[in-house]
Amino acid sequence: MKAAVFKGAGNGPTLVIENRPDPVPEAGEVLIKVSRAGICGSDLHLTSGHGLQLPLDSIIGHEFCGEVVALGAGVDSIKLGDRVAPMPYVGCGKCPACFAGQPHHCPQARFDIVHGFSEYSRVGVRDCVVLPAGLSDEEGALIEPLAVGLQGVRKATLPIGARVLITGAGPIGLATAFWAQRLGASKVAVMAASSRRRDIAQAVGATHFIAQKEVADPGAAIQEALGGAPDVVFEAVGLPGAIAQAIDYVKPLGTVVSLGFLGEPDSFVPVAALTKELRLLFSMCYDKQDFQYTADVMAAGDHRPRAMITGTINLDALPEKFETLRGASADCKVMVTPWNH
Amino acid sequence: MKAAVFKGAGNGPTLVIENRPDPVPEAGEVLIKVSRAGICGSDLHLTSGHGLQLPLDSIIGHEFCGEVVALGAGVDSIKLGDRVAPMPYVGCGKCPACFAGQPHHCPQARFDIVHGFSEYSRVGVRDCVVLPAGLSDEEGALIEPLAVGLQGVRKATLPIGARVLITGAGPIGLATAFWAQRLGASKVAVMAASSRRRDIAQAVGATHFIAQKEVADPGAAIQEALGGAPDVVFEAVGLPGAIAQAIDYVKPLGTVVSLGFLGEPDSFVPVAALTKELRLLFSMCYDKQDFQYTADVMAAGDHRPRAMITGTINLDALPEKFETLRGASADCKVMVTPWNH
Amino acid sequence: MKAAVFKGAGNGPTLVIENRPDPVPEAGEVLIKVSRAGICGSDLHLTSGHGLQLPLDSIIGHEFCGEVVALGAGVDSIKLGDRVAPMPYVGCGKCPACFAGQPHHCPQARFDIVHGFSEYSRVGVRDCVVLPAGLSDEEGALIEPLAVGLQGVRKATLPIGARVLITGAGPIGLATAFWAQRLGASKVAVMAASSRRRDIAQAVGATHFIAQKEVADPGAAIQEALGGAPDVVFEAVGLPGAIAQAIDYVKPLGTVVSLGFLGEPDSFVPVAALTKELRLLFSMCYDKQDFQYTADVMAAGDHRPRAMITGTINLDALPEKFETLRGASADCKVMVTPWNH
Amino acid sequence: MKAAVFKGAGNGPTLVIENRPDPVPEAGEVLIKVSRAGICGSDLHLTSGHGLQLPLDSIIGHEFCGEVVALGAGVDSIKLGDRVAPMPYVGCGKCPACFAGQPHHCPQARFDIVHGFSEYSRVGVRDCVVLPAGLSDEEGALIEPLAVGLQGVRKATLPIGARVLITGAGPIGLATAFWAQRLGASKVAVMAASSRRRDIAQAVGATHFIAQKEVADPGAAIQEALGGAPDVVFEAVGLPGAIAQAIDYVKPLGTVVSLGFLGEPDSFVPVAALTKELRLLFSMCYDKQDFQYTADVMAAGDHRPRAMITGTINLDALPEKFETLRGASADCKVMVTPWNH
């Protein structure tokens, strides 16, 4: 099969399309023919040459869906022809984490065998959801980033009618805005550096959008938009200072949920959080219920998340597109079609 | 009346015993004759010349109790001769914060009129608890710092049988250890820089004590003591790096409760908290229920907190003792008796 | 003004349209010109001659909205011309219950002065919400019953993707179905005695409908519809045996929320609830946030609850219609227009 | 080995001491030599001839502890000579319930092989706790009923300083009183029909005791004892009407935890619970953490539960004693020593 393989950062192309042997599903796995795979900011980070990096020769892409074309031994809960969206892990299936639908906490989890920038992928039978009728392939490939936002919103236990601020208007921030609006917030302001994602933010459910660079006093702009300081701030920026800003924006006794990945030291003034008596929650990944519910909600007719998709390319075009996404771009979520349909 | 008055840091004595007019209780207040007042690390900080400082000529001391000797207008819930321990605030009594027993969140709260290093103090009738029989004056003056620890433990919602680590063995850390052990933890390790407070820690309920300076690998020492990484870490140190350490020590999916006051930028690596999916809670002060329950528990016979008291002095001796406590000392909680009995 | 006045059950018409003096708003109140008022099953019960009964000469109707036409002393948070939906209580505004937006828990609450089957009504300024643009008068009058369902769903703290059963397809059951579907359930089955409200149930968000009389084994029908026993059952029937049925249907470790009013002894077998280790929650009324959020959600474009409205009549037609609604009828929510527009 | 075997109710002795083959531990099990086994009210009910009954020829007794004398295949977490207290179930060890320490929810749980009124018993290695040093055998056999009370108190999530009422002063009510007092209540009233267990109740931690038969108005007596209506009522009676009484006693917005076993229809008036907006929680059994924490607390020096033990007999005396306990008796918890020491 064809696959986009990571060749290291720095000299020559980062990704190269190579031929690899077709994978063979083991017991408890199925093989899928990949329909759509989204390009994620993490894919860019983990191949950037800075911070945590993927092993050379990895196949990447962890936001995807596909059609089941072969069954591993003993599989009877999924059948040929089903469309599934995998969590990008295969757990042992027998440990408390696996029972809880959290294969990323399974001590034996494998993630190297589940990949979307390829024609085929192995998928753990217990670590995926079957797409309901009414869900497009594109939506199937959006489940993973949406589930990240859902998990964050669940952790926050939003007060009904909450005022919510989301910092960051990338796919994670947008997913969070979608869920916050759907699951209890009355006002949802999204704040990014620039206004490039204003329309998408409003399309997915944000009631207000603030471009930080364009306002004199971001804190005041937030309070004006929401009618007061936010009850909950979701930080989906991942840059130094973003958590300190969230602490600054949130109301006393409020909650900050931090979703950003930041592998370097960051700073904040503890007494600022202490005098507000804040809850600061860190939210990573998702449970299998997050995948299932995301699929259910779109299948029931809420198709707003599609607004995040700004383009679709085929697998051969990926290596070049991948590099252009490293700079500022007009794109939000770009989809890859390994089979060109 | 005699009172210890703050005269500014740096030149000459910080505290001076002066004569002040006897206070007169207003409506909704009582006047108390102070029985015992504890010296708190915050008193030292707020008079140190660094960071947030008290106004000149303030009377300080916020951990105390006394006997009611005069009633303000309209007071009928408390009577002459009652012994009371005040929260060091007088709230308006009519706002949601006051109804919730949180006068420190009352927009009209006054704290300058409630002070323990003086012969008398005004006290808000709704902002204090009446000491039950069976409680000594010394215990009455311990209620305030104990209530700080209780609030932190309540915020943590300890899993039953929890493994708990407390960093810091000052009065706040010790109070937290006391409550953690009483309210659900099976193992409670207290870690300080040195071992000077080992005995007190064990007397109040710690099951293990770790002197950070005396062990090669503090993280390993904690896990050995507790039989695994702590479910909850309470940080009661208030120095740079203490929160990062707590994040490092706690188990994945665990909770860190930060109690320390630190008014300068502190740093941590967000991804360390993210990959553990932590809850980081900031806990300041207390509700009135914390005061009441603390009193009830000691009155019901649990007198272990007394072990924190390492000395008692009269008011005239306070200015000098106050300065010696700024350095390393053998003392933990020192009590002041304004009336020398 | 004209008003529908309760004249006692049993002999002659229950409601009579009479002339009453126009009400005058007191301090902290406004006067509204009623736009729409819904007829509620409770109105029927409380005037039926059985169980708890309203005082003679009461004006009834507690689901309504209207336009502000006069301001009481000191009112500045609401202005003439605002459209408001009142909670049917006027609280003192100064007690913890009032601060919490729960005037029905206020010891001084008055409910006799707030009534919708009349041309005008007094309304407590703090006990109502201003209708956002985009909300019709009909929707304004639906807020009250929808808020009942919202409170029930909030109490349940639905697991994400929950399987939900609602017993009862009257306005309360339908409101609950609407919120359960919106706020986290994946599958929502509504079960009524007959199928007369099947279409309305599906229009407001139910994914399945079961007519108890038409299936041989209701428990099996529920499990088939939901793909397993419900995580949460909301009981909105209010007849003897309904709670026992809910206990029977729900899954082990599940939750039953009882919303029905039943003033006579009802029976169940405790061990049935014990071996399932159930939570049985009783939910009555709403907080002010429930009113506000309900208004916000419809204003943001979710108009599905309108499907509950099956007719609109003028005030003069109310007494007769009122009696026909006591029997089985094709109606669900009937609206009254005191001003015929 | 000798064992007390159930021979059916009604004709001749209910229990007969017989010789049975010594049990052999299977994989994942150990064999223990029983040290102490408590007689439980459930043992009496399940052999009474009414309601749910044990199979003939069962060996009974589920509150016990003993010393490990043989290891099944593959056991390495427990060693010969350890003293253990078993949960009276052996789970499969591989399902979510077993991972959660709830073998009674394991679909493959066996309970017939774990029994205390015998010289030996098989015990599941994962379904027991090792007794810490400092715990007597008698305390080991008290863990099971204490764990029932602990689970109930955990389910209630007691507000700090709560007012608590427990109805029923049998071992379950007393265990609940012990934990409620230890884990956050300030006032704990125990109410029984008579005053026969007043002293034991106070010894385990009750602050007040009410003999229902001896007071004119039990509700008033409760409010006087607690200084107001209880925040939480634990029902540990198990007779008709006990839940309705608990609903009547508890304060509005309060919680009732029902622990009693009642297999027949019971009645209450739903609107009484509705207008109070109550939580009614049903609590059965325990998790393994309840066992562990109970052992830890007694090992740490809180030996108050011993006050429940009113006598110790040998196995041969059990059949006769068993019958006398069916009537009113001065006994509370009677211990059996199969080996007479």
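Letters are used for the chains, namely A, B, C and D, taken in the order the chains are written, and counting of residues starts over at 1 for each.
We adopt the following convention: a contact is a pair of C-beta atoms (placed from the backbone, for glycine too) under 8 Å apart; a residue touches a chain by one contact, two chains touch by 3 or more.
It should be emphasised that the depicted structure is a prediction, and the values quoted were computed from it without experimental measurement.
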{"item": "Pair with more cross-chain C-beta pairs in contact, given A-D and A-C", "value": "A-C"}
{"item": "Interface numbering overlap (same over half, different under half) for chain C and chain D", "value": "same"}
{"item": "Chain A-chain C separation of Cα centroids, rounded to whole Å", "value": "39"}
{"item": "Where chain C and chain D are represented by their mean Cα positions, the distance between them in whole Å", "value": "43"}
{"item": "Length of the line joining the C-alpha centres of chain A and chain D, rounded to whole Å", "value": "48"}
{"item": "Numbers and ranges of chain B residues touching at least 2 other chains", "value": "none"}
{"item": "Chain contact graph, described as a line, ring, star, complete graph or other shape", "value": "complete"}
{"item": "Of all residues in chain C, those that touch chain D in their complex", "value": "105, 238, 243, 252, 258-271, 273-285"}
{"item": "Footprint of chain C on chain A - complex, ascending", "value": "150, 154, 159-161, 181-184, 186, 207, 289-290, 292-293, 296, 300"}
{"item": "Touching residues on chain C, where the partner in the complex is chain B", "value": "94-96, 99-100"}
